[in-house]
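Consider the two complexes below, in which chain A is the common component and chain B and chain C are the respective partners.
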Partner chain A sequence: MSSDNTYILGHTATEMVRLTEQDRLITMGMDGLLPELPDLAGIKRVLDVACGPGGWALDLAQKYQHLQVLGIDVDGGMIDYATAQAKAGGLDNATFRVMNALEPLDFPDNTFDLVNARFLAGFVPQNRWSQVIMELRRILRPGGIIRWTEQEWTGTSSSFEQAEAYTFQAMRRAGQLLAADERNVGITPLMRRFLSDAGFRNVREVAHALDFSAGTGVQRAYAQDLWMATVLLQPFHLALGVATQQELDDLQQRVQEESLADDFYAVWFLLTDLGTKP
Partner chain B sequence: MTRLYQMDLYEIGEGRVLPELADEQLADTHRVLDLWCGRGEWVMATAQAHPEMQVEGIDTNADFIEAARRQARLASLDNASFRVLDPLHASSIPDGSFDLVNARFVVDFIPLDSWSLLVREGLRLLRPGGILRLTEGDSPITTSPATERLSALLARALWLAQRNLDPPTNNGQGLLVTPKLGRSLRDAGCLDIQHMAFVTNFSAGMPAHAAVCQNLATVYQESTPFLLEREVTTAEEVASLQAQMLEDAQAASFNAVGFYLTVEGKKP
Partner chain C sequence: MAFQSWRELLREVIAAPGEKERLAGELGLNAMTLTRWVMGETVPRPLNLQRLRRYLPQEYRLQFEQLVRAEYAEPIFSTEDAPAVESGVELFRSVLEARTTSADLARSWTISLRVLQHAIRQLDPEREGIAIVVVRCMPPASDGLIHSLRETEGQGTPPWESNLSHKAQFLGAESLAGHVVSTMRPEAVNLVSAPDVVPALPTEHEVSAMAAPIVFANRVAGCVLVSSTQPNYFISQAKFTQVTDYALLLSLAFEPGEFYPPERINLRVLPTPSIQRPVLDQFQQRVVTRMQESSAAERPLSRAQAELAVWQQLEAEVMASMFVLESTGRNTKEGALDEQR
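On to the complex of A and B.
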């Protein structure tokens, strides 16, 4: 794959809708935009890497008007949407640019006070991690903070578990899986190591759990996310030859049924690593 | 069978217990009970950190209780006590005896279909407004292929064992215990249900490395008969995986995290 289309969920309007809703759920589940950094002293210039439709960056700019928030994403459609949202909301302090986090970034050294990144594992090839993290370090000022979040999912849907298994197999074939086996993406055990190896100091890790089991009030919203993800991953599954169209069609049907069932249980663990550039 | 992953061992060793309770909640917490207390690690750490509390542990294993009592005596912990009792049938303890009932990493002691029984009994032992506190983890995630394979085998064996009790809702890839905690408290009518997620990084060089790797080695050692009984592996494979796991865990490149979840609810 060339380096501008490694995102396993693809670039579609449906993915834009999914990411917008997912962003809302995550911020709600984490109890805020920057729950680990209640004190924003010394933070003015913020970069959101792989910002998608810009939900987090826009909310941050809205809530903290003294911040200058910039979002970058490889997908021009996402950036156009985010830019239009900023304009519609009258947010002069939120801007967006098309930029690929796998390439050298078009910013001078020491530009940002805070670099935020969520779910990089969806597009970073296995052998590019250190380069990506080093580049984020370069554009942070000394004393600047990286805030990086990845995820693990556990739930009672055998069909979503199967969809994940296909995803991990396909990621393995595409050179995008870090895990020792194919039961998870394998990024969470490595985040601290990657940050330390890139020279970040005072690395700390904070976990959040989002429960979206039946009876929690957010089951339907998350079920929609799981179902849309399963549908959007189909081209990736097919391209890497891990399942047939028929198998995938049956699967997405079952994901929808199971995730809306009365006996559905699921927890989404989010791991956020924070580190300081010396 | 053995107790499964105890991802909080390092935290407990450092005296970090009940991190989520606010001062006013702690002030209302005097009588604490730990179900399946094992050798009493949590009870003793809590008794030490909170001398104002009376902390009791119960377990069905008389050897564990004896060891726990010995340790408490050595540490001169007058506010820690232990007795041999089955937490699912603790009718000798009167209703409403405790302000907080704790159960951590007990999934292996109770079949998953007994969660409702555990929650019911825990609530009976609490005063109204008292806190039921459950903590469980899923399989840890490591960069060691042998460790991952052992975790997968154990998850698979547990899934096969539970399949007869409960229709399977997954493919046996994970333990699937954390998602059920909140639901079991909701179904029992608990109020103010809170989720607190934790992560222990036990990579090479991290302070938790030794304690958690030791725990994993014990878990996989002691669960070997169970893995063989469920026919998910062979004696040769499991022995070789265990040896490889120990070697991997000592490598400087070993990276690992374990997520765990504490869910609390109040008795109405």
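On to the complex of A and C.
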């Protein structure tokens, strides 16, 4: 992991694979890549911020071959992965570059028609939000659109609640938690304000509920995603001292048992904010 | 209808009302550009020829591809293009990294999925419909022999589901996968006209298929099974080689003890998918029960251990049901095809 990388799940081959699978689940759950923007007239250059292994950017480039899609991520391994996937699919309209969204971005003003960002809360410290959003505004052309998605989830599994509690405690200690208490990340209620404060106009919000309860057909895929996340979060939890190795091992076992059970109910809420640069 | 050139074919297509505008819209081009291509006034870029093929009506695509290949000395269509080799180097590197660095619990899943994620893009760049599944040998039965295979991780493009892992089933001697594991040789078949020497029972949407064995030190662990909605999809040497290369890489997702010498492969003919399904639908809850019981007994099983135990239990039940089916003659290829109809 590079010293610039504040992403809490770190850089591993498993995380790249997990995020790629998660992209597919999210796109399916949201009914498409850009469900809030049915008309792409005037959109040609698209930036995907913190693109990870590039799943969303690659699918967008695949579906809309007239778009030029660029993904950026602080992690060179993720960028290599995404670049290899673009080559495998023969997508010459998808490119990827290493860039840290916490720093000034290496693009001129007014470069992009659409900037997409998802799950920034996994790496943005609480005192850097305004700076990050202002920078995204700078690189959008006038009339360009920001599309920003964050998440919260709820379910019946006590082990997931415990895993989340460890994560929020660790995020608090790392200075990455906005909420007053340690029961959620606290970003979704603040998104509209961040966009408005940065000068975006026509800010609107669209919510999606991704149900992965027993009987939905996607329970097993989400269970795999969450189980892998608990495995990958272990170093973060241990480093911040919120649990012992034994507690985390026991938790992992319970996560697997509960997430596959036929009395498991859970919903993942995604909130997408859209705003236009004047 | 036979055409002399791809331009002639395109002229025919855009003569239909609204087709020129539709194609131009899909390609993000002016409709007049298509007319110029047809007239030979301008020459499309290779990428636009790839895109044009993708948006042509289905019945024209194969002939269009053949006509373009006949005209251009350089490869145009991406599945046989040079970047596949370039991206292959990164794939090999990332698989080796996963083998080296992944936690024990996550290693097999990470490598399998890494290979599938690459394969789904490379083998189906035009999103025509493909399914790729990793197939494993079940552990030996009490006689020391392997009697069936089981599907594990799987991915698809429409009309298949994106994630096929929850549709896993047992495969036996009646299947292409079974044949390939038994012979330890890759095989491609056109299922609408499969030769009798290669057993193959087409599943829904499947028109052609290929399987390549996953081998280490002359022992076999399973195979990778690829299905396509298109006829003769694996007839080209490039695709055949790509699938066998993916099988080579997938060997890194298995532990040495999961490879078996050929003399221990003794696959049985298994019930059709629809007969297996009611048994397999109990899989997930049985795994949970097994894990909960083991935790209560303070001898917790990992998910992988619990799953393997349940797979073995289900295999025995499926095998037992086969004896009943054989006596009633209900498990035939014709019967399976009738079910799909």
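The criterion applied here is as follows: the second predicted complex is superposed on the first by the 275 of 278 C-alpha atoms of A that agree within 3 Å, B and C clash if a C-alpha of one lies under 4 Å from a C-alpha of the other, contacts with A are read in each partner's own complex, and residues count from 1 in each chain.
Operating definition for what follows: a residue touches a chain if its C-beta (ideal position, glycine included) is under 8 Å from a C-beta of that chain, and two chains touch if they have at least 3 such contacts.
On a predicted model such as this, the values are computed, not experimentally measured, just so you know.
J.: After the alignment on chain A, I want to confirm one thing: do chain B and chain C clash, or do they fit together?
T.: With chain A as the common anchor, chain B and chain C both fit in the superposed model.
J.: By the touch definition at the top of the document, which applies to A:151: first (chain B), second (chain C), both, or neither?
T.: neither
J.: So, A:230: does it touch chain B (first), chain C (second), both, or neither?
T.: Touch partners of A:230: none, neither chain B nor chain C.
J.: Go through the superposed model and pick first if A:190 touches only chain B, second if only chain C, both, or neither.
T.: Touch partner of A:190: chain B, not chain C.
J.: Give one of first, second, both or neither to describe whether A:205 is in contact with chain B, with chain C, with both, or with none.
T.: Only chain B is touched by A:205; chain C is not.
J.: Touch test for A:162: chain B only (first), chain C only (second), both, or neither?
T.: So A:162 only meets chain B here.
J.: Touching A:267, do we find chain B (first), chain C (second), both, or neither?
T.: first
J.: For the overlaid structures, how many degrees, to the nearest 10, lie between chain B and chain C at the C-alpha centre of chain A?
T.: The vertex angle at chain A equals 100 degrees.
J.: With both complexes placed on chain A, how many Å separate the closest C-alpha atoms of chain B and chain C?
T.: When the complexes share the chain A frame, the smallest chain B-chain C C-alpha distance is 15 Å.
J.: If you look only at chain A, which of its residues touch chain C in the complex?
T.: Where chain A meets chain C, its residues are 12-14, 16-17, 20-21, 24-25, 28, 58, 62, 65-66, 80-81, 83-90, 92, 217-221, 224, 227-228, 231, 253, 256-257, 260-262.
J.: Which residues of chain C touch chain A in their complex?
T.: Against chain A, the touching part of chain C is residues 27-28, 47, 50-51, 78-79, 81, 83-84, 86-87, 90-91, 93-94, 97-98, 101-103, 105-106, 109-110, 113-114, 117-118, 121-122, 125, 127, 162-163, 165-166, 284-285, 287-288, 291-292, 295, 300, 302-303.
J.: Can you name the residues of chain B that touch chain A in the complex?
T.: Per the stated touch rule, the residues are 138-139, 141-145, 147-149, 151-152, 168-171, 173-176, 178-180, 182-183, 186-187, 195-199, 201, 203, 206, 255-257, 259, 261.
J.: With touch defined as at the start, can you tell me which chain A residues reach chain B in the complex?
T.: That would be residues 152, 154-158, 161-162, 165, 178-181, 183-184, 186, 188-190, 192-193, 205-209, 211, 213-216, 258, 263, 265-267, 269-271 of chain A.
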